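Should a chain be cited, it is by its letter among A, B and C, assigned in written order, with residues numbered from 1 in that chain.
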Amino acid sequence: MRLNVTNLACARGGFALLEGVGFSLSPAQALVLRGPNGCGKTTLLRTVAGLQPALAGEVSCPPESIAYAAHADGLKTTLSVAENLSFWAAVYGTRGIDAALEQMNLRALSGRAAQNLSAGQKRRLGLARLIVTGRPVWVLDEPTVSLDAVSVALFGDVVRAHLAGGGMALIATHIDLGLPEADILDLTPFKATIPHHGSGQFDEAFL
Amino acid sequence: MASLWEYANPLKFMRTTDWLLPVVAVAAVVTTATGLTWGFFFTPDDFRQESTVKIMFIHVPAAMMAINAWVMMLVASLVWLIRRHHVSALAAKAAAPIGLVMTLIGLLTGAVWGQPMWGTWWAWDPRLTSFLILLLFYLGYIALWSAIDDPDTGADLTAVLCLVGSVFAVLSRYAALFWNQGLHQGASLSVAPGTRMDWAYKAPLYISMVGFGLIFLALVLAGTRTEIRARRMKALVARERMV
Amino acid sequence: MIALLVRDLRLAFRAGGGFGLGLAFFLIMAVLVPLGVGPEPDILARIAPGILWVGALLACLLSLDRIFALDFEDGSLDLLATAPVPMEGVVSIKALAHWLTTGLPLVLVSPVLGLLLYLPPQAYGWLVLSLALGTPALSVIGTFGAALTVGLKRGGLLLSLLVLPLYIPTLVFGAEVVARGAQGLDVATPVALLAGITAGAVALLPFASALVIRINLR
């Protein structure tokens, strides 16, 4: 049970952003992707999650093992916290949202409509969804945005618990996660090189 | 024997059309001019329709190309979806406005012809209705292309729309036939072209048809070249920004 | 799958879900047409099948852009795409939810509106039957259009331009069923063609819609 990424190249809007990205995750390991804004962190995560095809290289992991969490939490504002979570539990075929509510400290809010939550509470609900999926590989995009210090620590604990249970986490961020033990991969060296131009070739614009 | 698919390479396409486009363009102008001049000035007036019949030399080729352009877009879309050749997608994009204009020419010349012949600019005849529907399909296709920024996404989405649209365009054609028969039995106004037509008309008509076909080809080639250049320009601008 | 259907229905019925808008539009349409055309019963009776069908079509169109737009904006479409449910299933469920909240109510209230428009008595059955057979196709075709335009800024207007031409065959055969029924003619052919279009659309279009959604999410 490993997540292997080999020689991966990915593109956004028809232009290559990253190339030659390679890393490997084994159980109980977390990897943090770093790099300046626009360097392709989100694109890389979307490629790993299977939302967009890779230009080159491959992502190999057992099928149905990745749980992806984007910038947006995918919450339905008119549904309650419990209803939001139960929906994802049903989609992933897992039972029980109690553990997730407990771990993300959402128990007291479970009956409240998502539109009445603060930004940090919404984010916690979004992360509780990950626990509900029961998937071993978490692919997280900026998970701690809009969380306060206490919630960041809470998030760190949840990820640690997930890792302790044999899970893996691939996290893109540019701020502190409260996960000092995680490995760090800086994406800057993998920036796609610009092919030599001036040759007047017309196929260079087509990837 | 080189494979036909080599021309799907943008570079190869540009090189080939460098000399092919002028040849086709000149051939298109010469053929169309010959066909139309012959048709307009050197054919006898029809004993019933008099000189209005000569609208046929524009109307029929334009209507024919209006349909052929959509068929060409359908084939190009399939090639793009199956083999991912960019030139194919861009050719489909370039063909759409030309097909739209051909449809408009067909409808307008039809109206001009219909007024003296049938006493009306417009009739909800199945054939006319089908062309109006075809116009709507062209408009939707072009609007979708223009709404999407990412070129490959645009190519994919419009290709799927073209496939689905083709099925519904054919269904609409039969629906129009059914609808008109259902409401006004047997009152079809359309004149089937080519029936009981003398060679004095047929010859210039065929030449005009070939001419319109060549015009379409020349415009598609020119349009595709423009699209390829625009695409490259976009890439270069983005690259400048990245450096 | 069922969970998705339940969620979509729940969202539609909650505040701000927009349930009933299409129905209200349908009703307004049936009130405005006599005001515009005049109250003569024979004219209204003649145009009633067409008016009711065009009204149903536009009422369906009204709520199409909500099918995917909300899920796209809040990110749940990305999450659904990575969830263990096939995208073809997701779009089918979305179309079903749209039909249950828009098409089915239209079918149910159409006899009342037929009354307002002096629809001949023998046509009521055909009106309900034709709408029941035809509106699922409107939802499925509309879902395809919504999938094409998801994520586009000016999607709403474009959606109508893309979807309305695709509605033509359904409209023609649907209105024809009612018109023939009103005249007491044989309706077997248009009913069969209408059902055929619906069956074909329901069976095949979800594949196109799912493909298009995946392309749009890239």
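Some notes on this structure:
Here, a contact is a pair of C-beta atoms (placed from the backbone, for glycine too) under 8 Å apart; a residue touches a chain by one contact, two chains touch by 3 or more.
None of the values given here were measured: they were computed from a predicted structure.
Here the chain at the heart of the shown protein, by mean C-alpha position, is C.
Ranking A-B and B-C by contacting C-beta pairs places B-C first.
Relative to chain C, the most remote chain by averaged C-alpha coordinates is A.
Distance from the chain A centre to the chain C centre is 37 Å, each centre being the mean of its Cα atoms. Centre-to-centre, using mean CA coordinates, chain A is 48 Å away from chain B. One inter-chain figure worth recording: chain B and chain C are separated by 32 Å, centre to centre, where each centre is the mean of the chain's CA atoms.
Multi-chain contact residues of chain B, defined as those touching 2 or more other chains: none present. In chain C, the residues touching two or more other chains are 218. Contact residues on chain B toward chain C in their complex (touch as defined above): 133, 136-137, 139-140, 143-144, 147-148, 153, 156-157, 160-161, 163-165, 168-169, 171-172, 174-176, 178-179, 182-183. Remark: chain B residues 9-11, 13-14, 86, 149-152, 228-229, 231-232, 234-236, 238-239, 242-243 touch chain A in the complex. The part of chain A that touches chain C in the complex is made up of residues 49-53, 64, 66-79, 83, 86-88, 90-93, 129, 133. By the touch rule above, chain C contacts chain B in their complex via residues 144, 148-149, 152, 154-155, 158, 161-162, 164-166, 168-169, 172-173, 176, 179-180, 189-190, 193, 197, 205, 208, 211-212, 215-216, 218.
Of all residues in chain C, only 2-4, 7, 10-11, 14-17, 71, 73-85, 217-218 touch chain A in the complex they form.
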